[in-house]
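Letters A, B and C name the chains as they come in the text, with residue numbers starting at 1 for each one.
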């Protein structure tokens, strides 16, 4: 019997007609091509670098940088290494991205909801905002804020004075810096206790609702607790907070916190631009919840506010979150436009100055790309986890 | 009727093609000991079937019984893992050439029509003759019009599928399959997705086609069609062929308990 | 059945009623209306004054900009530079011819039922770039050579965006097919390629193209700066294109693949004749949207020293002969981009709506 089955397939398919062999062949060819291309690139690059006298390797990271950076979140001066410039650039990138994400989200949600407002004027103004801002290149908007608006501000001596504590001039925005004194720890403790109390109340309110059906105004009480408790603690400790107000010293201000115009322009432009995209996402997310859902909720007797909170928003968020994260990713990538106005982000400092001074193009570009790849992949990972969580809920 | 043939072919399959050409020329499909798994799930278990040229077979069974999977194996839309399928003397193996040959000779009609929405009715019918059979466009169009007339919708030739009713679409799908001049036609629940008033127009076309001597394998729940047209009715359940009989015998005197139960349920309606 | 002559009662909305319903329905809506209205009144007036009523249109140079408003004189005086860059004056007819052809090919796309607009579109995708390839740089057919370093302004912006999108289309198709392939290695390579390019900002890609590309190539082989930028843009854009097209491929029902298989069409015919025509049509709005974002992103080339339309303006607003014309310059560029992007996005939205209803019937 076995012999017969073999006989019945005399030779089997010729290898080049067997799809498995074919697919293997194509894949081997593809791999070979990629390796060949990679090999040629590496060989060319090595030859080119040798003829230009560029050394290879990551040793340059330990050499002294010797250039200053106008803004740094971590201690930095010109005597530190190129490796340090990487961290300065990275933290600056993360700072402006985080600031932008927060502002763009708030702005986007407000505008997106306003776009659906029953108030005709508000809806139209939001529409105009969205359609104008998102159809103009981001770089142009950054230039506009940096050169046309902030560049037109007066010099430090003629600073715009906001209540004697904040100063705005063409070198930046100067705001008082809070300096915590002894006893401020009490405020932190009060805050921690308030948070714990809110969590406790929430659990208790849920239990009581299960047992008796009564609904406790958790949100209002929670907000009151979070505000009042730290406030009481603050005054009980004798207001242990001092503000260092910036003051004009010579040609510029000293003391306080400085927001350099590069950061401000980048932040404003990124937030406005991304905010317009987020607004559209929010709008279509809310619209995606079918009318039947709202009708069903109303038929069940839920008032408008509860319909929104219990039915519309949870469903809309599922639609909103995936494109929202990709907007966050876009914002982080777009923050690299900092280069154009000199905000010292990763690309400007590391891929710009460091690369120019060391000539280590391959290493620097590879490190920079790896950073963005890491950011992007971690956001994708988060997205996949989120999608899976949502998918389970659907069952 | 089927069993002796299967035995004969099994004993003489050293050189099947020669034998068949001389002796059993009428055998156009032979399935021998065929098994199929989806992952670990055993969907088709040891199927044996021989179909003679011009024979009309109706396959029925409860949903999930593997009947659709079975006929989809015959033109290799699904791969079987064990056993043999020989269509028109060509065995379905991994050989791309043989798969292409078989698909050329086997037409298929799907439950959901699967017409190409971006092409007109006529273009749907001519696509494969032109690109696979390499027939000149003029000739292909003439043939297509002939078949469209046979399914009684020549006037719709220049419309797009989206502009037609379900019954019309399914008739176009039959015409499209016929344009390849296939030796065998497979029907995978061709009327299940249709509104009741459209089922008849499609069944009429299928009955007409059966009258012309086409070899047909139909998965369908239309028992009336099975009674009038089929040479044999095959009942599948749980991935096995449970019963195989001529229609009058199948409907009046089913042997197996499972068949009886199935018929009771279906005929109750 | 007799046609009913009864019409629904018309809800006559007097302006007062309309305002009560749409502007002052609740107390907070009324407040909001007043606040927004106040802001609009106080900002739109001065804005219009600056833009139009007090603006300067006539004259020769900066000294003629005496009004309080915008100095549009600056734009009209430098318009030639903003549109053509350093392209020689006497040869600018070539660029004009391309602009004209571009308009002939694509303006009809906005007009439904324009005869032969499909063919004009196809010409725009095939014939037009070929003509442009010979016409713009010159050097053949007795045309005088114009080096790419002299190209600039709006013309360069259009060239970058147009070639970027056109070249990335076939690569994107191949990548999308690769990502949906059953061969694990082909799929893996496509995924890596797509994800890496999508993860990095365009600036790093442009830096790479301008700094590293010369290192990658064998000695003696080199591209001009513009070509290097185009290579970078195309690779980057093709990753985005691939994802758009993959969306279309995924949206094609399985039955279409099976029907094509059952008819005996092979892989390439199945894709080329059945799947891709449907998938591409489905993703035209997506492709148009990536085009819009690429169009805006082309401004980044000024960072590597090419003079696109923003680059030309940026380099002239600092001209000491003109004082404080930065805002005028930016408004001009913003207007150029806005008209293009808004128009095209409207077009794609219309298309989307049409495709949406088309699929339901």
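Simple rule for what comes next: a residue touches a chain if its C-beta (ideal position, glycine included) is under 8 Å from a C-beta of that chain, and two chains touch if they have at least 3 such contacts.
Since the structure is predicted, the reported quantities are computational estimates derived from the model, not experimental observations.
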item: Chain ID, smallest distance between chain and overall C-alpha centroids; value: C
item: Farthest chain (mean CA position) relative to chain C; value: B
item: Selected pair, greater C-beta contact count between B-C and A-B; value: B-C
item: Chain centre separation (chain A, chain C; CA means) in Å; value: 25
item: Length of the line joining the C-alpha centres of chain A and chain B, rounded to whole Å; value: 57
item: Distance between chain centroids, defined by C-alpha means - chain B, chain C (Å); value: 50
item: Complex contacts: residues of chain C adjacent to chain A; value: 22-23, 25, 29, 32-33, 36-37, 40, 182-186, 189, 195-196, 198-204, 207-208, 211-212, 214-219, 292, 296-297, 299-300, 302-303, 310, 314, 317, 324, 326-327, 330, 333-334, 337-338, 341-342, 345
item: Sites on chain A touched by chain C in the complex; value: 23, 26-27, 30-31, 34, 41, 44-45, 47-49, 51, 117-122, 125, 131-132, 135-140, 143-144, 147-148, 151-152, 333-334, 336-337, 339-340, 347, 351, 355, 361-362, 365, 368-369, 372-373, 375-377, 380
item: Complex contact set, residues of chain B against chain C; value: 75, 77, 100, 103-104, 106-108, 110, 112-118, 127-128, 131-132, 162, 176-177, 180
item: Residues on chain A engaged by chain B in the complex (per definition of touch); value: 4-5, 7-9, 12-14, 17-20, 22
item: Residues of chain B defined as touching chain A within the complex; value: 13-14, 16, 84, 91, 93-98
